[in-house]
Structure formats: structure tokens, C-alpha cells
Amino acid sequence: MPKIPGLVKGLGVTFKEMTKTVFPNEGVKKLKPNPSKGAVTVQYPHEKEAPATRARGVIALLEENCTVCMLCARSCPDWCIYIEGHKQKAPPRRPGGKERTVSALDRFDIDYALCMYCGICVEVCPFDALFWSPEYEYSEPRIAELLHDKSRLGEWMDAVPEYEPYEAGSEVKVKKLPKKGAK
Amino acid sequence: MTAVSERGQLQYIAAQAADARVNVELETEGMTLNIGPQHPATHGTLRIIVRLDGEQVISADPVMGYMHRGYEKLVEVRTYPQINTLVNRIDWLSSFCNEVPFILAAEQLMDVQAPPRAQWIRTALFEMGRVANIGLFLGEMGLQLGALTAAFYAFRDREYVLNQIEAVTGGRFHPNFDRIGGLKDDLPKGWVDETKRVMQRLRDYCDEMETLLVGNEIFEARTRGIGVIPAEIGLSYGLSGANIRASGVDWDIRRDDPQSPLPYKELDWKVWTHPDGDSFARYWVRLQETREATALVDQLLDGLPSGPIMAKVPRIIKVPEGEAYVATENPLGEMGYYVVSKGDLGPFRVKIRTASFNNISILPWVLKGVYVPDVITILGTLYFILGDIDR
Amino acid sequence: MTFAIELAYWQQSILRVIGVLAAVLIPAGTFVYVFLFKMVSFMQSRLGPMEAGPYGSMQLFAEVGKFIQKEDIVPDAADKGLFKLAPYLIVASVLLTYFVVPFGPDAVFANLDVGIFFALAVSSISVIGILIAGWASANKYSLLGGLRAAGQLIAYELPLLLAVVGVVIQAGTMNLQGIVAAQADGSVFGWSGIGNPYFLTQFIGLFIFLVAAQAELTQTPFDMPIAESELVAGYMTEYSGVRFLLFFIAEFASAGAFAALAATLFLGGWYFPGLDATANYMNVVGPLILLAKIMLIGGLIFFIRFTYPRFREDQLQRFAWTILIPLSLLNIFVTAILKVVF
């Protein structure tokens, strides 16, 4: 059997890909052309792909957990988090006790034009106030609108998914999302 | 005495002088052509000034630095977790592989060992970065030579690897997943099976590339015997990675580094070399390396030990004083970090030895006397990434 | 063209102009949509343009509109007159090639007795256009592309011609209408069921013609003049807007022209076995049959274009001079002997 020249085999590869794209159906409907299904293209915005659960799309803020410790603003490689807060008096925990001073958040802005989506701020927060969400459709025609203030960051909390279970052999415990208004 | 009159002689001399003037004006020796910095064939903003004689290259000078971002200065004012984020962006096609030598150097200075599960997952993600990077090379080499379809297959199959990396780290291109002492998080449920399916798909893709390009007679005519780099010349210029393995030198840091904590010695794999040293050899070696990397990922995921994912390290990391250099076998070649620490939150100085910077130092030597189309072939097979050259 | 009803000369001229535009633009447009937008996309596992019209069918009009509204840029150092002339030369050459292609028993623009000779001669005018474009752009990349094109196109003219000579010997005439008739009325070993399409006997000629046509169209694997990854766009680099649109139309229209010539010479042209070759309805059915054959050959041309890498210039020339030309001379030799013997 003479060797098929490589040129012809190459044609076979592209031809096979073409038929796989145009006729992707199996079984009875084999010869019905359906390129929308066979091609790998996802026709955005008519169809959308769901990103992974851990995908780093946008950062959400749970304001009641934040104690204005400034750890996230300090650890950001781009210094894109702007925090302002003030101390105020709060009623004592038990009646007859001492008055407490708590920090209250005035301003918490994340500038998504600078953000590198590294996640260091989410990781270092000791009070579980920042969370990742896979939302990605927040592009704006003006750059100034990419500075999300604390109310907009609070709205992103609705898009934060639950944590996934781990693979077999892992010794890490699955974290739980704090419920809003629990504090 | 000839019968030519004085007037005739003067006319003859004037004609000769006019001819000479025309030759000087036409300057028929050498045309200087600028390949880049904006060019479809240089992978980014590399500029090569070539002097051509017709279509043959007389001399070539690469001019780099159009993408210099000042990494070594940036890291002087940042802490270790912040540097980890930045370093992802040096070789952006296999980002996880940039973090690993830096983290290993910091761990060496802190005298901290990551637990075995973390080392195995680290190596698995490293090899997946290799598959993503070199898998793309296999397809876009066809693009350099004119076969457009191969590049599309490369991007299509690379998406599956990126999806797997996203499922575990959260980022497709910039994972930022390695930490001093281990990894950020563990694997989600179902990841191991899905990754094995993806690796099988990548093996099918390698077979497809072999049929589409390697077996193609036109491809062989364009790459065999082009850009031959003998082993001694390659070593003297500091080539590393698949470039030097394609010239016959059997050198792979994964196997040869005695201090590496990554578990390569416990796995069953092979280093591929080729004796020719031409462009075809470099393509062939990278094809086999991709297949080997998919097999390595399968082995790593099969033998994954259970255990913790992070060693005990303090919350705020201060690395003690000292210096350490760790190099690993990245997809592009040898990448190393020389970390000098004075006991602070961040390093005092980091020197980044990147593979592509040394790889393109051979360009003036290897491009002498080749045709312009071969320049593109050689640039393609030396395979550099601009972020790697310029940092 | 002969008409059943008598039209004034100016009315005939308008019909001729519309006819030639249709004959040129319909194959070009169909090629662009079916092959460039859809077939290559399916080969690469993607869908191609889908937004403009159902399944992207209006994308072509969107592209034409886009090119028309672009700014008219002429480089400062370019030779302005030549720069503006080059696209028109190439388009003119392509339009002239369509003159002699027969679309039906009476549907031909100019039934010349030197049909195929005329077609090949005017298709060579595009070489001048490409050279002018490469030189007048004042761009080193364009110059390289133009010079490569000159060498390549001249080298591949010869195999193109010599492949056709075999067909001319077998048909006995250079008139394209006569060649179609010879194929329609011929017989294979005495059986005249399907006539005698010349691809059966002149298969070497067909192979050489298709390879040389691929080179004449500067398609991969012979697209050194354009060489997208090296020369950006070769001789077309500095062109934008309507001028680029003219290059684009010319590229696909000439692909259609060569496919039409190949279909006429080797596949039987507008004739299909079983149909009456002299009836009047063939003037309507004939173009459709020819279009189908053009699509077949065009599909082959584009299939090869999108699969193979490209040859280097010296390999290209070596292939033409040392392999294709001797092969075509051998083909002529054998054809002539067999024609005399049988």
C-alpha cells in the first residue's frame, strides 16, 4: 500500500473538522446540518457561557462586617481601594457596661480601572467582609463610572455564589457565606 | 593615435561619469528593513533591523525594550504576596509557571517546606501551563508559515486548559495561586476527572497537529535545514529549553536539579532531544514535550497524596536575611529568580533571569545569510514572548 | 449577443454592462460568502459572521459599505498617479477575462475565435497592476511583495498556457464555445452518454492548470507576494478604503474567472449531459450549471488555500520551472501523438 502523501492527509484533517462542525448530530439525525451546535463559538450576547464558581469577576463588600482595619487597602498592589472611616460611640453590649467605640465606614471605593483582580484584598480581610463574584458584565462607556462605591459593592453580594465542596483527599473545610444581617 | 576626435573623447568620459553617478544614486547594495515593532510575526513589540541584499539578510540587530515595565524596580517597594501578583504577567501564556520559582526561592530563604499535596498540585498546574503555552506554539507556528487553520485549532484547544485553570484558581490568564508555604486553596470537586478528559483532548490535538503540519511536505521544505544552531554555539549564547534540546544537548532542570522540592523524580517521564538543531527539530521537540506534559499531568493527578494544602506560616510574612537563586524549566526555557532579602516584608532586590532574553541573543548570529521568509520561520521556532524578554 | 426582440444599440449596451457586472460580481460575491466567510469558518470550528442578516448573508454588503465610507489615504512619498492607477488595472484585467467565457449557447459577450488565447493574455495584465502597486507604495514591504509577485506570476504563466494547449489540440479550436461543443458532442471509447469532458483525458492538464491558477491568484501555498505573516499585506499594504475594496473584488473575481475557465476547458462548461445543447432555455439554465461547476472548483482552490503553509520564493520558482513546465510539455507531446493516432 503506497504511503499517502502528508499533503493529502492534511486536507483530510481540515475536511473532517468541517464535517464535524456542520454535522455534529449523532444517531438518527446524523445528516441534519447544525453548525451553531457544532462550532465552538458561543454567540454572545444571545448565548452566554457560565463562568466557573471561583472565577474572579468582581469584588463584593459586606459592609456590616467591615471594621475599617485598612488591611485590604494596604495590601493592594495597585492601591486601588479608597477607605475613609470615623470612630463613633456605640451603646454598651450589656446594660450598665462601658460605652464602646466602633469604627464606622464612610467611604469604601474600589477603582476597577486599576484593579488587577489578584484577590489579595479578599484573602487578607480578617473579618470576611470581601467576597469574589463571577459577574463580569459591568463595563462602562466612561472610565469614571468604573469606581464602584460602597452601595454598588454591596449590591454585588447578591451575585456571590456559595463555596464549592472540595476534591477527595483534601483536608480543607468548606467555608460558609455569612448571612446578611446576621451581625 | 585613434581617429576619435577630442570631442568624442570628452563625450565618452562624460558618459562614464554619468554612469558612475547613477550607480551611486541607485545605491544597489543593501536595503535596511525594519521588522517590527508592529509586525504580525514578532510575538509582540520586538524590532529587528535587518540589512538585506535582495532577499538575503546581511546583518540583523534586534532592538528590545518596547515593552519594558520595570519589574525589578516595581518589586523593590512591594511585599511578597503583591510581587506574586505582578510576576504572573511576565510570561503571560503560562502564568502559573512564573510564580513557582519565585515562591520556591522565598520558601528556601524562609526554610519552609510546602506539604506534599501542595507540591503535587503545584507541579500539575505547572505542567498544565506548559501544555497551554507550547500547545499554542504548535498551532501558531503554522500561522507564521501561512497555514491559518492550525492557529485556530490551537486557540480552541487551549481554551479547555484555561477553563480548568480557572475552575481551580479563579483566573484564566493570571492565576495568582501559589503562596509561600503552599497554595491558596484546594481543588474543587470533579476537577481531577475533568482535567484528565481535557488532557486526552490535548493529546488528540497533538496528533492533529502532527498530521496537519509535521507530515506536510511544504512544512518540511520550509523548516528542515533552516536556522541550524550547533550545540556549542547555542550553549555559548545561553539558549535554554527546547531550543537547546533540539540541538542535541540533554539538559532539563526538572530532572537535573538536585534541590528542587517538586516531585519530578518520583514520576515516569522522558526528556526529548533531537540531533539536528534546525527549525524542524525545535518544532518536533516541542510537540513531544506537549505530549509528555499531558502524560505527566495524568500521573500527578493519579498519585495525588492527601493532606493539608498549606504549611504553618505566620500571617504577616517576613522573610529572613539571605540570598537565594532558584531556576525552573519553564515552557520557554530556564527561568530563575535571584532574591536578596534583608528581613523585611518585601525583598531588597530581585533579579529575574528570563529565558527569552537569552534566547534572542543568538539572532544576529543565526539570521546571517538567510532569506526573509526564513527569518520569520526562525523567529517563530525560537519562540519568545515579549513580556519574557522585556519584563 | 443575439436577441429575439430588436433592441436599440444603447439598450443593448446597458444590458451588456449589467450583464458583465452580474457575471463578475455574482461569482465573486458567492465565493466570498460561501468560502471565505462560511467554509473556512466551519473548517476552523467557528461560525463566521452571523449578525448581519440571517446567517451573515448581508455581511458582504456591510463590508462594501464599510470600505466605501473610509478615508482616502495616499502615502506622502508615493507616486500618486501610479498608486491610484494600480487597482483599476487589475479590475480591468479581470473584467476582460470574463468576456470570452460562454454562459450558454448564445450567452457569451464576445465569441472570439481566439477565445482562450485572449483570456490568458488579458489575465496577464494584472501582473503589471501588482508591480505598479508594489512600487508606487513607497513602502519596502510592498516593494518586496511586488517584486516577488512579478517573478512568481511570470513563472506560472507558462504552465498555465501549456496546460491549455493540450485541450486546444484535443478540441481542435481555440474558440471557447467550440471547446464546449466538442466536449458535449464527444464520446468516450465510443460511448457518448456524457459527452467527453476533458478532465478524463487531460487529467494532467487539469492538475497543472489548477496549480498554476492557484499561483496566478497568489493564494496559499503560493502567496509569497501577500505573505500575511511577513509582509503584512504585501503589495496591498498601503491601500485602504475603496482601493482596497477593488483589490479584494479583483482577487475573488479572478478566482471566479479562473474557475470558470477551468470549468469550460475541462469540465464541459455550461453543458450538462442529457440536456439539449442548442435550445433557448439553455441560455438561462446554462449559467446556473456553470455557476455550480465554478463553485466546485472554487471550493477546491479555497480548501487548499486554508490548509497548507506557503512555499518560499525560490522553492516556488523551482517547482514551476523544473516540475510543472516539463510535465506540461510531456502532456502536450502525448496528447498530440494520441490525437494523430486515434
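Think of it as A, B and C in the order they're written, each chain with its own count starting at 1.
Everything that follows uses one rule, which is that a contact is a pair of C-beta atoms (placed from the backbone, for glycine too) under 8 Å apart; a residue touches a chain by one contact, two chains touch by 3 or more.
This one's a predicted model, so the numbers in the text were calculated from it and none came from an experiment.
K.L.:
Quick one: point me to the chain whose Cα centre is farthest from that of subunit B.
P.N.:
Looking at centroid distances, C is the chain farthest away.
K.L.:
What are the two chains with the most C-beta pairs touching?
P.N.:
Comparing chain pairs, contacts are most numerous for A-B.
K.L.:
Rounded to the nearest whole Å, what is the centre-to-centre distance of subunit A and subunit C, using the mean of the C-alpha atoms as each centre?
P.N.:
Here the centre of subunit C sits 53 Å away from the centre of subunit A.
K.L.:
Centroid from C-alpha atoms only, then distance subunit A to subunit B, rounded to Å. What do you get?
P.N.:
The answer is 30 Å.
K.L.:
For subunit B and subunit C, let me know how many angstrom lie between their CA-based centres, rounded off.
P.N.:
Each chain reduced to its C-alpha mean, subunit B and subunit C end up 43 Å apart.
K.L.:
If I count partner chains per residue in subunit B, which residues reach a count of at least 2?
P.N.:
Within subunit B, the residues that touch at least two other chains are 149, 153, 156, 212-213, 216, 218.
K.L.:
Among the residues of subunit A, which are close enough to touch at least two other chains?
P.N.:
7, 10, 13-14, 17, 40, in rising order.
K.L.:
Any chance you could list the residues of subunit C touching two or more other chains?
P.N.:
Residues 43-46, 306-308 of subunit C touch two or more partner chains.
K.L.:
Which of the residues in subunit B come into contact with subunit A in the complex?
P.N.:
78-79, 81-82, 85-86, 117, 149, 153, 156, 159, 163, 166-171, 174, 176, 184-192, 208, 211-218, 220, 304-309
K.L.:
Residue numbers of subunit A touching subunit C in their complex, please.
P.N.:
On the subunit A side, the touching residues are 7, 10-11, 13-15, 17-18, 20-22, 35-36, 38-41, 43.
K.L.:
Quick check: in the complex, which residue numbers of subunit A touch subunit B?
P.N.:
On the subunit A side, the touching residues are 5-7, 9-10, 12-14, 17, 40, 51-56, 75-77, 116-120, 123-124, 132, 164-172.
K.L.:
Could you please specify the touching residues of subunit C with respect to subunit A in the complex?
P.N.:
Those in contact with subunit A are residues 39, 41-47, 50, 303-304, 306-308.
K.L.:
Could you pull out which subunit C residues touch subunit B in their complex?
P.N.:
40, 43-46, 140-141, 144, 220-221, 223-224, 227-230, 232, 306-315
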